[in-house]
Structures are given as C-alpha cells and as structure tokens.
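Heads up, the next two complexes both have chain A, just with different partners, chain B and then chain C.
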Partner chain A sequence: MKSTRNWLIAAAGCLLFGCGKDSNSGGSTGNSTDVFKKNMLVNYADTLILPSYSDLQAKLILLETATEAFLAAPSAVTQQALKLPFKNAYVSYEGISAVYFGPGASQQLNNTFNTFPTAVTKIESGIQSGNYNLALVIASDSIQGFPALDYLFFSANAVQQFNGATANNRKKYVKDIFARMKLLLTNTQNQWAAGYRDVFVSNLQTNVGSSIGSLVNQFAFEMDALKGPRIGWPFGKQSNGIVFADKCEGYFSAYTKDLSIANLTALKKYYTGGNGNGIDDYLILLGKQQLNSDVLAQFNLALNALNAIPDPMSAAFTSNAALVETAYRETQKLLTLIKTDVASATAVQITYMDNDGD
Partner chain B sequence: MTATKIPSWQRPVSIAPLVTFRIVFGLLMFGSLLRFVLRGWIDTLYVQPTFHFTYWGFEWVQPFAGAGMYILFGIILVSTLMITFGLLYRLATILFFLGFTYVELIDVTTYLNHYYFISLVAFIMIWLPANRRYALDTLLWPVIRRDKVPAWTIGILRFQLAIVYVYAGLAKINSDWLLHAEPMKTWLPARSHLPLVGPLMYKSWVAYVFSWFGCLYDCFIVFFLLNRRTRPWAYAVVVGFHIATALFFPGIGMFPYVMIVATLIFFSGNFHERLLSWLPGYGGNGTNAKAYTFSHPRAIQTVVVIYIVIQLLVPLRFLFYPDNLFWNEEGYRFSWRVMLMEKAGTAYFTVKEAGHQRATSISNATYLTPLQEKMMSTQPDMILKYAHYLQQDYLKKGWKNPEVYAEIYVALNGQRSRLFIDSTINLAAQPLSWRHYKWILPYK
Partner chain C sequence: MLHRKILGTSLILGTFILTVASCKKDDAPATPPVYTVPDTYNFENVEYAEATGSISMWAGFTSWLGKGTGRQLSADSANYLWNNTNNAFTAETTTNLPIVTTAINTLGFGLVTKVSDAATFKQLADSMVKVSASFSVVAAPGVAGKVGTRLVNYSGVEFNQLVAKGLMGAMQIAKINALLDQCKKDDNNTVKAGTGTAMQHSWDLAFGYVGIPKDYDSAKTYANTEVNRPLAIGGYFRERGRTIQAGGTIFTAFRKGRAAINAKDYTGRDQAIATIKETLEKTLAAAAYAYATLPQGSSDLAVKFHAYSECYGFVLALKYRAATSKLTAANYQTLLDIMKTNFYELSADATNAKLKQMQTILTTTYGQLQ
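And now, the complex of A and B:
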C-alpha cells in the first residue's frame, strides 16, 4: 500500500517537474511551434497592413498632385477635381485606422490624421497669425489631417478664401498639413520595414502588446469609435438627442457615409484576414464556428444598415433618424460580439495587470 | 519536562520554521512590491483613476494625493526589509499589515486572492514571535532570544495555507471545470507559442488533464505536506506545479512564488535548523533553550479559535445566495476561487433625467480605466457602485433625479454573451446589499 502511494506521488512529481522543465528550457526564445498563428500574422502583416500603408501613401501623393493644381489656380473647377482624390485618400486611411498599434501608434498616426471634429476657429487663427504647431498631440478637436483638409477644401466659401487676403498663409498651411502626414506615414512604414514586421509575426501571445492582442483590442476600439464619434455622438447619443451634424467625420465634403462604410469594410477585412488566415479562421480552429458565422452575419447587418442611410449622413441624423438609430444598434451588437465573445474566446487580455483569472 | 500538563497546541517546538518564514516572506514581499512600483502600477492603479470602487464600509480608504502613494509604498518596502532582518519586528509587521491592507482596500478592481492571503498572513505574523532568533532584535536585546515557540504559532500558518488549497480545490469541483474543462480549454490555446508543448495546447484532452490535476492537487496537497514521509515529494510537486502555472499563466503574477515560499512552513524544525545553519552567524541550538510563552494563553486560545472559525466560514457564504455563483459573483471574493472562470462583459450605461427630459449614453472611458471597466462589466456590486457614482455625477451637473440604466452583456466560460442584468431597472434606486440582487438576470 505505502509503496504504491509513494510511487504514485513520485510519478506525479516527475510529470509536473518534467512539464515545468520542458517549458522552462525553451524559455522566451520565441521558437514558435504554432504554424497557424504564425501564418495568420504573416498574412496580416504582408497582405493587409503593409499594402494598406502603401496604398495610403500612393493616394496621398495623388491627392497632393490635385492639391497643387488647386492651390496654383483655386476655382470651382480645380476644387471639383480635388473631390475624388480626397475621397480616395480618406477612404484609404480608413483601411489603416484599425491597426493603431506598434509604429502607427508611436507615430500618433490616427491622432494626427483623423481627430475630428475640425477645430475651425483654431485653424483660422493659425492661418491669420501664421503661428501654429502641428507637432502637438491633439486633445479633443483637430487643426490638421483629413478633418482640416475637409474644412479647408470643401467648406462653403473655400474657393474664395484661397483667393482672399490670407491666401498665401492658407496655401502654406495646406502644404504643412501634407508634409506632416507624409512624414508620419513614412516613419511608420520605415519602422515596420526596419524590424517591427518581424517582431509582429513572431509574437504569438495574446497578452497586451502582443500581435493578436493588439489586433483584437483595436477591432473593439475601432468599433467603439464607429458607434461613438462616427455615428452616435453627432447623432446626439451623448447630447440628449440634440444632433451635432458638424461633428461627424467628413462633414464638409459630405463623405461621412462612405467613410463609415469604408471603416467597417476594412474592419471586416481585417477580421477575415482577406484571402488568408484571419481571426475568423482562428475562431474556427478553436471550435467556435457558430460565433464566427454570427460575427460575419452581424458585420453584414451593420454594413447594410449603414448603406440604407441616404447621403449626406449629416442630414440623415435629423431627416432619417430611424435609419441612423438602426445602424447604431447594429454597430453596438457587433461591438458587443467582438469586445465580449471574440476577445473572450481568443483569451485576449486588455491590461498588463496581474489577475486571478476572472 | 512536564509534558503531560502542556496541551499539544502549546507544546514547545523549534522556532526555526518561523525564522525561515519571516526571512523569505519579507524578501518575497520586498521583491513583489518593488516589481509593482517598477511597473508603474502605483500611477496606473492609484493616481490616474478619478473614481475608485471602494469596499462597503471602507469608503474612507482613498489613495493619498500627490506623492502620498509613493511615500506609502516606500514605508511598506522598508517594513518588508525590517521583517526580513527582524528589526523592530512588531512595529514592522504592524506597518506592513496596515500599509498593504490599506492599499488593497482602495479599489475592488485590484482584488486578488493572494493579496488577501498576504494581508491575512501579515496579520498573523504581528502576533508571532518570529524575531526571537536570528534577528537584529536579538542582537540588540539578547535577552529576548528564544529557541522554542508554542506549536500553534507554526500550526496557524499551516492552517492558513490549508484553507487556501482546500477551498481552491473544492471550488474546482463544478461541471464547468471537471466536465467541460473550462476555462482551461479557452486559455490553453493562447499559450500555443510555448516551445515543445505548444501544439498540445489545442488538444481537448490536455485541458482535461490540467483541470483534473489542478483540482486533485489543490484538494490533497496539504495532506501530503503534513505527512512526514510524503513531505519531500509533495514539496517537489508544489514547486513543479507552481512553476508550471507561472509559465502557462504568467498573468497570475506573484501567486506561484508566494505559495512555493509559504509552503516551506510544513517542513520540520530540524529541517529548518539545517536550512538556517547555512546562513552566516546562525548559532547552534541550545544556548538558550527557554521556550517562548504568551502572557495570556487563554485569551490567545480564544482569539485563535475565533479566527479559525471565521476562516472556515467566510468562503462558504456563497451558500446563502441563489443561482449560479460564477454568474452572480455573490460571495465570490475572499473565498480562494482562483483561475476558475473566463468571464468578459461589455456594458452600455444610459443616464436619464426623471420624466426623461434628458438622456445621454455614457462613455465608460471618461470615468474608468480599462481595467476598472473590464472588472465592473461582470461584477454586480461594482456595476451598482458605478451606477451610483454616475447618479452623483449627473446630480452635480444639475440633472434632477438622474436615473441610471445599463445594458450589459456577459460571456462566461466559453459560452456566448447574453444580457446580464435587467436593463429596465433604474440602478440608481437600487441599494447596495448583502442580499441577493434580484436585478441580475437568471443564469439559465
């Protein structure tokens, strides 16, 4: 009896010690054994994230060319020629908005490119005095990036302004905005190329700052931004139902709807990983087929609800409130699925803090 | 010796286990708190938040302003070294207990079972004569040196560890843990990056092995530690088990190391004498064989018995609440429920003025840190505290009788999220209570 019990205990001890030692010997060498996750992250980096940055860079250059023509001869015609390149560049930006971690975050890309609403008064006083600092981190509203261009190019008397007394200052301001955007975007691309890509594809953990952790957390954050600043807040969800139409994204160019659809479409593409492995395939690997198909269905419901809102969305906030409300609800359902069910199923953590596992 | 007249719990035994415990506990706390400070958590947890989830009855425990929290941590850090070196031991243990417990009482968000354990152990240590040998105190006042202490002074620490393990084990006897291997089945695939064992993390049977082994370990390890013959093997299992948990679940922080160090108390006086004899200046036995005695043994006996009864009962208070414990979390804290569930939630709060003149949806990030929001979203008492805080905030903004509603979705142990509380209930009108919150929706 006694010897049997001792033997059992010894065996248990060996099992556990063996377990501990095996795991220990590899330690943090990062020698991954999970081919699936590695392939998924390579797919994210090489076929989604990096091409999206390149696309934005290309679209910015096209917009800059059109801008130069506009600034050389500001008129309704050259202004009209700006619209499509502006839309294309802004839509392209929505394709990188969700990857706000690593170099993009350290370069304050989203903060610089797309903090809205536009700080019209601050922009005008900056142009008047020639005294402004685009390198400052933006707190609540923005004097630069797409929201500033949106105002400068497409506000009611934009063309007159570029022919008015402050025309030279105004043109310099526009050029400074472009310089800032291109600098930060190039820095981001360089940092990805200079080593972050390799760090990204070889970090297979799910804690804070890990690649999968960052992806899922940013999906949730981006969904939250779609529900709040993009739709809910201008719609009056935080202001007792009083609509603040001019607080929406792309208010002056009236591309609000296109931008929110581009944002959600990009998010869906990041979720599915495009043609390669994405979070959807990871959920299937984890045996969560039903959750995955529900998330995909909810993406479509939310996209359809957004599509049903007539342009311009800033007017629909009052004239088609029921349709906006539906889109808001569908977006919230999708946010819940991602923030609760997907984050839980993938065991993604949101903070560095120690936990009891609950 | 008049052994027949001394009850076994007062029998004089070697002081060595207490001395080892004092030294390693002090050092571990020093390292643990230093890690806390260096990770910038004082700022994240106690300086940045504008609102804290206080414990009921401890609303007066608030973080100190300015450099206050850093000074407090400085004092606690010094006290850990004083404990290790046995300098002004009684003062040091009181400082450590009060300081550490104060910090833990600031915010429910940071509740961890092993922080609670540390507070309890610190409280016990105040009363133990752990500085009567191999301490700066005995250098300064040689007359206080004792080589023997009453057996219960070591027994009470063993009892405290037994409580942790056995209750942690009993908590694992539930269908999620044993029959569905949750949350292991959810957590292990997240560890697939580990070398060699990585690919196994997707296997369902591995999750079952982890679950069942963890349950059996927690339930029975204490009994093997108590038995002299099985003790060395059992301790090897303790070390192996906790190193494994540290590797697989680094998120649990210092807990594995606390247990590895604390379970040394199960070893005999002789073992500890030999262990300590490796340390410089640890004199041999017998120079002062006088046993330490408490001046009021009757009173001490009563207090110890009361403490033991409380420790046995507190983890069982969940029995007074209906429905699923993991869902309601009523009676969940202070009960040694560790690593038991994967629970996540998303909470949408709306504040409405009475008569609904005004309404606004709340952005939780304006009031809470990400950790606070995460913890609040799944725990009813925190939801209620937050709702009351929102009510106060909107009163200050000039709203008349603000009502607070919450639409909250919670996912538990691999199941899909669903509505957690009654979203039509005005939480501002619901009182904090020890009784069951009827606004929590039924689990099934």
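And now, the complex of A and C:
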C-alpha cells in the first residue's frame, strides 16, 4: 500500500461514481485506474502466479525423486523420507489453488491435483485391474493427485502394500499420477508463457471472465472450499454434526492443518498482492479503506484461529471441537466479506457456482 | 400520419390513456380514437386455452426430460408425451401449472403439432432419452454420463436444455410471430361470443404463447409453486432479460396492442407488433449472451457444460426470429457453428475465444444485453 496514490483515489472516486453503469457492465473506468490495474495485474502474473507455478514444479520434482527412492525400496525409512517433500509439494500446491482460471482451469488442474476426499475403493480397484484412466477429466474425481498420493504413501499399511501382491501395479499407478500432474502443470505454465500472461495483464475490466473478475471469484471460491470441504464438511457441518474426519484434506499424512493454513496464507498473499499492488490497494483506490482493513483483520483472525487447532486436525474435529468451531466461524466471516463486500466493491459478479434453477 | 401522445406517467401502476391526434387532415379520422390501456390483460372475450395447454405441455415435457439425470427414460413415454396420448402427463412433472394434469392429457393435441421443425426437436428429446441410459456413469470425453448433477452426451451436451430453450423459439416465438402476422389480415368486425373478433383472437392467442399471467408483474419474483407464474420464455424475462426490460416492455405492448385493436387503431397495433417481435428476439439474445458469459467465470465443468447447453438451446431458438431481425444469416450460422464445438474443446480454451466471438456478435447486433 503506497501513499503516493492518494490523488488517484479522488480521481477514481469521481470516475466510478460518475458513471456507475460502466462499472456494472465491466467497462474500464478511466486512465488513472487503468494504469493502476495494469500494474496490479502485472504484479499478480509476474511476482505471484508464475513463480508459484515454478515453485510447485520444483517441489514436485523433489517429491518425485524421494518417491523413486521409496518405490525402489519401500520401507518405513524411505517412507519417512517422503513426508517432508510430500508436505512441501502439497503446501506449494496451495499456493496455486487460487489461480484456478485461464490455463489452470482449461487444464482442470485443481480438479486433477486436489479433489478430496480420496476415493480409496476406486484407487484400489484400479490398481488391482490395471484399468484406470487418469486422463478422463471428470472421472479424475479423487483417484489421483495429492489426495491419492496421500493415501498411497501414508495409509496405515502403505509400506506393506508396496511390498505385497499388487506392488508392481501400485508403483506404476504412482508413476502415472506423477506423469499426469507434471503434464498438466507444464501445459498450464506453457499456456501462460505462450500468450495468456499478456491476455491476463491487458484485460482491465471487471466483468465475467476478466482478470480481476477471475481473481475475486477464486478468492471467494477458495474461501468457500475452506469453509466447506476443508473444514466444515469433515467437521460435520453438512451432516448434523456427525464428524467425517477421514474426508478432510491430507487425512492420511495428517497435514490437514498445515494445508489449510497454507491455503489461507496464500490467499492472503493473493489478496494483498504480496509486496506489490493487490486487490487491497485496488479497494483503497476505490475508496473502500474500511472494507480493506476489515478484510485484513479478518484474515488474521481466521489464521490465528486455524493456528490454535492442535495437530492432527482430523482428531481435533472431535477432541477440540470448540477450537475448530471458532476457526470455522472466522473463515465464514471472511468468506462473507470477500464474496459479498469485496465482490460488490470491485463490481465483480460471483459466477463460479451454478446458481441456475434449471 | 398520426402523432401519438401518452398522457400519464406510470407504466406499471396506473392506467394510461392514449390520445391519437391527427396531423394530416385528409386521411385521419375526424375525432381521434381515445382508449384506455388497462394495467392487466383484462379485456372482453379473451380466450387462449390452446396456448395455455401448449405452454403447460412444454413445462411437463421438459421437466420429464430433466428426470433423465436420475433414471433411464422410456422411449415410449417420450412418444406419448410428445404426441399427448395414453395419458402420458403425470403429476410428477405437471404440478403447479396453469392447467391440471388431467386437463393436459385431454387437450386433444400434442407439442408435435405446435412446434416448428417438430421432427428435429423430437430427435433432440430422443437423444436425451438415449443418454439417460448412462445416468449412473461418470461422463468423460467420448463417454456419455454425469458431470456433477448434469447428464451430458459424449461431447458434453445436455440435450434437455436444447429442447427446453430451443422450443422457446420453435414453439413460442414461431407461434407468436405467426399469430401477430395473421392478425393483420384478420377480420375485426364480427364479434364471436367468448373469443371476440378473429383479429382479437389471434392477438390473444399470441399473448397466451408468451407464457405470462394476465396480471403479470415484471418486478415480481414468482415462486415456482404459483400456478399462474411466468413460464418458458416468460420466465426468462426476469431471469436473463432484466437489462433490456423485456418483461415490462412486452406485457405493455400486448396490452396496448389489444386496446388498439379494440379501438381499430391499426397503427398502434402495428407498433406493438414491432416492439413485441423485437423484444422477444432480444430476450433470446440476452439469454444466449448470459450463457456465453457465465461459463467464462467458472472452472467447474458441470457449470460450464450446463451454460454451454443453455446457450446452444437459445441459439437454436434464435432460428425462429422474425424476418425483420437484425441478426444476419451469416452471423447466425457462426453462432450455431460455435455451439456445435465439442464442449470439452470449448472448455479447454483458456482464452474463451469462441465464446467472446459470440458475445461480440450478439452485442454488435442487439446492443447492450447485460
């Protein structure tokens, strides 16, 4: 947040309130705001999004190396050596989870990398029969990506299984998962490099499919996911309080808490734009200082509440329900701020969910 | 040439009066006709049971097709429903409609006789029936089945959307435009008890095919339990036609036009016809635009495929636009060709180039739609 932009606030205020219809239809609102938006989007692309993809690519390669050692000699020792690279890669994934638009969405990246809970039965039957197709975008529900690795590497009898009757098929399955993840990630990076970055930084509107529209939608979507599948659902928020601990993210490796904190931390970074211009500065430019400080404060409240939950979170759902409840409520408040207040302040329509009645 | 002046300010609440004053003394009536336009469709001798029946069948049939997401649909049932034979309509899909199930079953006619290109739309419905065999399969490129809650064919198409939205053109707009053209040729002197003059009757039938209640309120959100609620394209006036103020414009034009016919003010009638045709078509365009836009903001294939399918349906409906349409044949073909793209391919384009091309064609042709 830079103070040199105060004059812009006034200018933008006049422009925005002078032509309210334009902001509804996603029209650009004048030169000074356009310059700001362009800088902000360049910051998003070059210092947040593209480096995050590179980071994930690097962490995946480290994980793959550790995996090769594990597959060559499956033991408790090589399994232990997998844990940190697995955590690092999964945490790194949380850093791109919020970029699920453009190339990432066209590759169905999140769908492939992190649909949970793990479909254990489907995975086992696929390994048994050798009959599975990870390329089927929709069928990829939860038989691949990190949730599948989480199960394959860290379920109770994982090491035993990799030495058992299905060992060869199992090893091939793991390798296929890696091949698929690397392919889609590389495709995504290539598409960004091959032109989408320029499309992204040049689209200064806020309508559906615009860069700012996509960013704000994904903030809200990630918050919905944190409140729902990551915390709320396993915690029993959709099942009358009946806890489904094994449905949480990273259940087998017990990294649930780290992942949710990584997710929210990444989201906060996307919100603030890191050290450069972000949506926070954009809100200030729009004269929404109060909203911005509310959002930032709520990010911290939610992060603190998540931090207060003891590991493993899957156990805390029952043993420390009050702490989880607090975290759930704080994320819900943050969701409301982003999904309604930030979205309307930035004139972004929330479009990620299917709200069509027919 | 006639000069019209509207006295009164509120279009929604108040009743207003049209005064028609003459500019040219030679061919204008000596005393200008003064008539009242009521704020509801409240005229003498209004009868459009055929239209109400057709709209109710549309609702029952398309709702039945939607059941394909949960069970295999029977090809026989599809035939019976389409032809309206064998008491095909059941309470499962015909509750809360303007007429009750038994009345639908005894209408004596089926959608088959009320739809343009009926064979084409029956084929689309039959395709949905066929795809419903895969309701428990997970869809994939080349494999019919479910994407989330949506049942799609091998390329991601929800056929029931093509039928439901397509018929808004092939039945509703085709019928309305034909009836409005017909009424210009109809007699307007001999009043038949119950149905009025031939011209009044054509006009009323056209109004019936819009699918809105006589006391339609364009600002109201109707519950889907209300029997007299807007249906089919009538329901889309609010859902996707608010920016272009479709509902209020069309309802007002129908009331003005009927009042004009009663007063034998044919200039007024023809102005209303032009407004109705243009706004109905624009509603289809606005809906197509919305569904070309919405999926660009989603990464969920279920959301995308559903939106593409709705968009495809509205593009099919646009085929039945009036001859005076601003949409050229070449641009229409482009829209259609884009919708024929495999939906998996369409969704894999990060830049949404084809959808943006559609948006451009639609806004260039019709102006701001959203």
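Assume the second predicted complex is superposed on the first by the 312 of 358 C-alpha atoms of A that agree within 3 Å, B and C clash if a C-alpha of one lies under 4 Å from a C-alpha of the other, contacts with A are read in each partner's own complex, and residues count from 1 in each chain.
One rule holds for everything that comes next: contacts are C-beta pairs under 8 Å (C-beta built on N, C-alpha and C of every residue); 3 or more make two chains touch, one makes a residue touch a chain.
Remember, it's a predicted structure, so these values are computed and weren't measured experimentally.
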Chain B versus chain C as contact partner of A:196, first or second or both or neither: second
A:238 touches, of chain B and chain C: first, second, both or neither? first
Partner chain in contact with A:138 - chain B first, chain C second, else both or neither: second
Partner chain in contact with A:326 - chain B first, chain C second, else both or neither: neither
Partner chain(s) touched by A:106 [first = chain B, second = chain C, both, neither]: second
Touch count on chain A, higher of chain B and chain C: B
Partner chain in contact with A:346 - chain B first, chain C second, else both or neither: first
Touched partner set for A:205, first chain B, second chain C, both or neither: first
Contact residues common to both interfaces of chain A (with chain B and with chain C): 25, 207, 349, 351-354, 356-358
Chain A to chain B touching residues, read off their complex: 2, 5-6, 9-10, 12-13, 16-17, 19-20, 22-27, 29-34, 37, 203-207, 228, 232, 237-241, 285-286, 290-291, 294, 332, 335-337, 339-341, 343-358
Contact set on chain B toward chain A in their complex: 39, 41, 44-45, 110-113, 183, 186-187, 189-190, 192-199, 202, 213, 224, 229-230, 233-234, 236-237, 239-241, 243-244, 247-255, 337-346, 348, 358-361, 363, 370-371, 374, 378, 409-411, 414, 416-417
Touching residues on chain A, where the partner in the complex is chain C: 25, 100-108, 110-111, 133, 136-139, 141, 191, 195-196, 199, 207-209, 213-214, 217, 349, 351-354, 356-358
Of chain C, residues touching chain A in the complex: 66, 138-141, 143, 145, 147-148, 164, 224, 293-294, 296-303, 306-307, 310, 344, 347-352, 355-356, 368, 370
